[in-house]
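The same chain A turns up in both complexes below, where it pairs with chain B and then with chain C.
Moving on, here comes the complex of A and B:
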């Protein structure tokens, strides 16, 4: 007989679900500035979840991970992205609105389909760790597929990069569920590796923008066959 | 031996940092010294690794027979391409040369580091570092094609590595059920705990690793970045990408294979690799036909050879596994030589378009024949090391009862041979172009896509109105190709005894489950 989740499991699942909803917001969002803000919000939720798990399951290492994750993903990565894109806080980069390969409504519908597939596929594995409920892993699976969807349905380099960073958040969520005990040294290395990747993505975005005078990837069709 | 291992981890990184601070020519010298020293250090590991596993720093740094085989491939190519680059970069300014050498050494450092990592987590980090550095090297020419290729590469490869990270997370989860929550994801304990690991996360981890690391290894259906990046990168970078980077990514798959085979038995992982390998080989064997760009042609050949490696592992027989390890080294030498040879043609003719390259044998007295030999070596013509390795793989498959897969491998490799050899011989054996009127001259401005800088473009346009003189662009660009072919003959005719011991031990480690 199924039992209702406790406060801890419920809180963890709700935070994971909020992360998925934020990802849908990115799928729908037309401005780079707002996509980066949503990414920061999603990363903040991830840090909150790490704190909840640290408190609920007595894993003090996760406090440090949450702080580091917040410093990098909530503050540093959005800042670096803005700098490299050359976007002031009150303005947006050109060439992103209208970069959908599907209409916004169709993109969201496709996202719902992908999320459902990921949710049930990962849920079917019945994997759960001591740190977080199995439902959170299923939501992480949904986020992985939606992140791939975001990279596919948007034809601009900024959204595709944000899609990749979101994919990393989804994997971090999965890691919190099934690998919360992973040594902190590795988690730290993963985070700094992400920061390096952000810088390289940013440099390539900047080079693309300087060359094409747009963030659109619609003209990246020279190499075929 | 710990000093040797630490030196391998330190020398290329120090060289990369030094290149940022010294003039262009000094950076080339630093790179040659670092490449040669690194290869010598890797050679020093061979006898020890052939006798037993080396483990340092609480198991975070390890070297066994399998990892040293991959180190040999990277070490040789690092040294050879470092020498080649000294000639290749003579046409570029000092700032470009400094940036190139710094990135080149850092790239080699990451690729030498990956096989030495004893933990799946550290291995992932090293492979990710190879991606971010090599993406910048792909983009370094600052052309439309290079920018497009670099973006596709970094996005697709990073997404693939995201899946590889997920594979690492599931591997950790599986190991934690047996080894406890706080273990370091070290490979050897995971293999030893194999029979007690839960099946579902191991199966999931292996499939995600094949898909994730397979993206970087160029396995079908996640190979799409590879032809673009290989064709648009500078020739020395293409040589390292193809001969070394793909192998390093395949090495990561092999580590997951070992864990999966120890846990699930070899049936499931072999079937997955067989499907992936045959699909990759089929795709590459068909796509080599109709290619117009010589480096794109070689890129599809790389997909072919990664498919051969996957099929070889799927056979599981000791002979096939030994063939796989030999193939890693032979492919590095052959593909490195072929890309370096292609780079000579690009510099000479100012274009990568094969239709515009004529009379290679007449105009390039050394590089022409050497390129042809490299293509034949790649196509497994004896006495190339690739002939020996593919022979071992096929014989291992037949001994293991995989008759259909072995037959498919032979047919598709033969098909790829014709797709490679026909355009290559066309470049070399057709008469050289006339004075300033042939297609090659008309195509010369296209050389900007390869050569990059404005100064080179100007020279390419100037050459469009002049007949090409017989001669090599630089002796520095000939010697490494010659060395690569010599290594191929050595591997094909009589591999040194210690190398044979190393391969035998590595094959035993891979086939242990």
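Moving on, here comes the complex of A and C:
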């Protein structure tokens, strides 16, 4: 019989598991708008987890981090992404035709394989920080691999950029687990790194779109030597 | 009052609660759905009247159909009525016949019922009945892995695969409820139940287009009391699945822990209330989503599979 985790560990793991499920949701979504929305939801979950850890482990610094992270990743980054992609919030942006290299069901099955690898690879470390259970770290590992998978199976730059940003969410989750008490200044620095990445990706997306008149990366295959 | 009901009576009451309550739950869902759509809707007791009406009608069978065509509804109803003996319907303690079979045993009975109905549909030679049964079999094959992984989760959580043991585990502490494995497995099971009871996003159970039908099409050629048995059977199946979800996974509270008549009756009322709550949730889902195209059902099943597999994963590192 498996012993139950405490309510606090259980809640932390459940939030981490929800983040992983949102990551899988992105694998399935065809529309860029929905992917950005899911990214915002995932970031919101990360902030909630930070608040839970702050309350449960008495780390007041994490409240500030949660607020900052929510302001940036739930509000600012999705807004910037939408503006860069030229997608008004109230209008449906078309998905990029032919973006799927696998059917959604196969992509999910491949994602389960990747998640299993990440999960057990990170789980083998048996690292558990004071703040969150080891399970959350393993889930973060699974998220890293699924985010890579998302970038690989999609053929449009927007999905790849969103995949990259969720990679940062996964790393933040891992950081929360193993080093919740990390000085706020470092965490903030990481957050602003993300902003740089958003701007760089935005430039790349726009440049690619201007040159290829499409968000699809299928044309880039011609550039092989 | 210290009168204790004999165990066989409680066992019988388990079956009776499901048998008599199932049409009520179906009627309630129909009513809730109608209210959500701004209609007045049928009476909650309408399914009882429908069944009574069907029982008074003449039964016809296609010319070439064998005895099996008429036996199938009876076998299916018998299988459905056996399942409530195996799962905690009214009591927290296992009743003697409750150990005849585990979760897999209950699953086999449900599969047997669905198999005989599908075979009877093949007997008719009617294209729509065959279409329905072939689809039903295809999709139940797709959801089979999900159910297996849910059972694995239960087995890892409790060390057994008895439904009573899981219900007791869930009741034991709040930590058992807020653990990812339990929540993920429950969510996966709920998705399977939506699929198995012919609900949106998989199927519109009230639809009249034969091409959109899966479960509903199988009974096309049956009539009279046999059709009543099949209809009642699908109501029974729905309440059984709701009971498994409520009394084993989500809310195994309100069950009788003694043999007092009052406690047992209260448990019966609690079960119907829980089933009604799940039914209303299902009706809300019915109204919020659009029906999936047939070939999108694999995506739906893969999402359920994902939840169930993650549930098993999280248990492996401990603390899941």
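Side notes on the structure shown:
The definition used in the following text is that the second predicted complex is superposed on the first by the 215 of 225 C-alpha atoms of A that agree within 3 Å, B and C clash if a C-alpha of one lies under 4 Å from a C-alpha of the other, contacts with A are read in each partner's own complex, and residues count from 1 in each chain.
Throughout what follows, a contact is a pair of C-beta atoms (placed from the backbone, for glycine too) under 8 Å apart; a residue touches a chain by one contact, two chains touch by 3 or more.
Bear in mind the structure is a predicted one, so any value in this text is a computation, not a measurement.
Applying the stated clash criterion after superposition on chain A shows that chain B and chain C can sit side by side. Once chain A of one complex is fitted onto chain A of the other, the partner contacts of A:162 are absent, as it touches neither chain B nor chain C. In the superposed model, A:49 lies in contact with neither chain B nor chain C. Shared-chain residue A:151: touches chain B; no touch with chain C. After superposition on chain A, the vertex angle at the CA centre of chain A, spanning the CA centres of chain B and chain C, is 150 degrees to the nearest 10. After overlaying the two complexes on the shared chain, residue contacts for A:32 are found with neither chain B nor chain C.
Legend: residue contacts after superposition of the two complexes on their common chain; A:191 is shown touching neither chain B nor chain C.
By the document's definition of touching, of the two partners only chain C reaches A:115; chain B does not. Taking every C-alpha atom of chain B against every C-alpha atom of chain C, the smallest gap after superposition is 17 Å.
Within the complex formed with chain A, the chain C residues making contact are 156-159, 169, 172-181, 183-184, 298-299, 301-303, 305-307, 309-310, 313-320. Chain contact summary for the complex, chain B toward chain A: residues 119, 121-122, 125, 128-129, 131-132, 135-136, 139, 142, 144-145, 147-152, 154-155, 158-159, 162, 165-166, 169-170, 172-173, 176, 181-182, 184-185, 200-201, 204, 227-228, 231-232, 287, 290-291, 296. Taken together, the chain A residues at the contact with chain B in this complex read 125-127, 129-130, 144, 148, 151, 157, 160-161, 164, 167-168, 171, 174-175, 178-183, 186, 189-190, 193, 196-197, 200-201, 203-204, 207-208, 211, 217, 220, 222-223, 225. Interface residues of chain A facing chain C in the complex, by the touch rule stated above, are 1-2, 4-7, 9-11, 13-14, 16-17, 20-21, 24, 28, 104-105, 108-109, 111-112, 115-116, 119-120, 123, 133-135, 138-139, 142.
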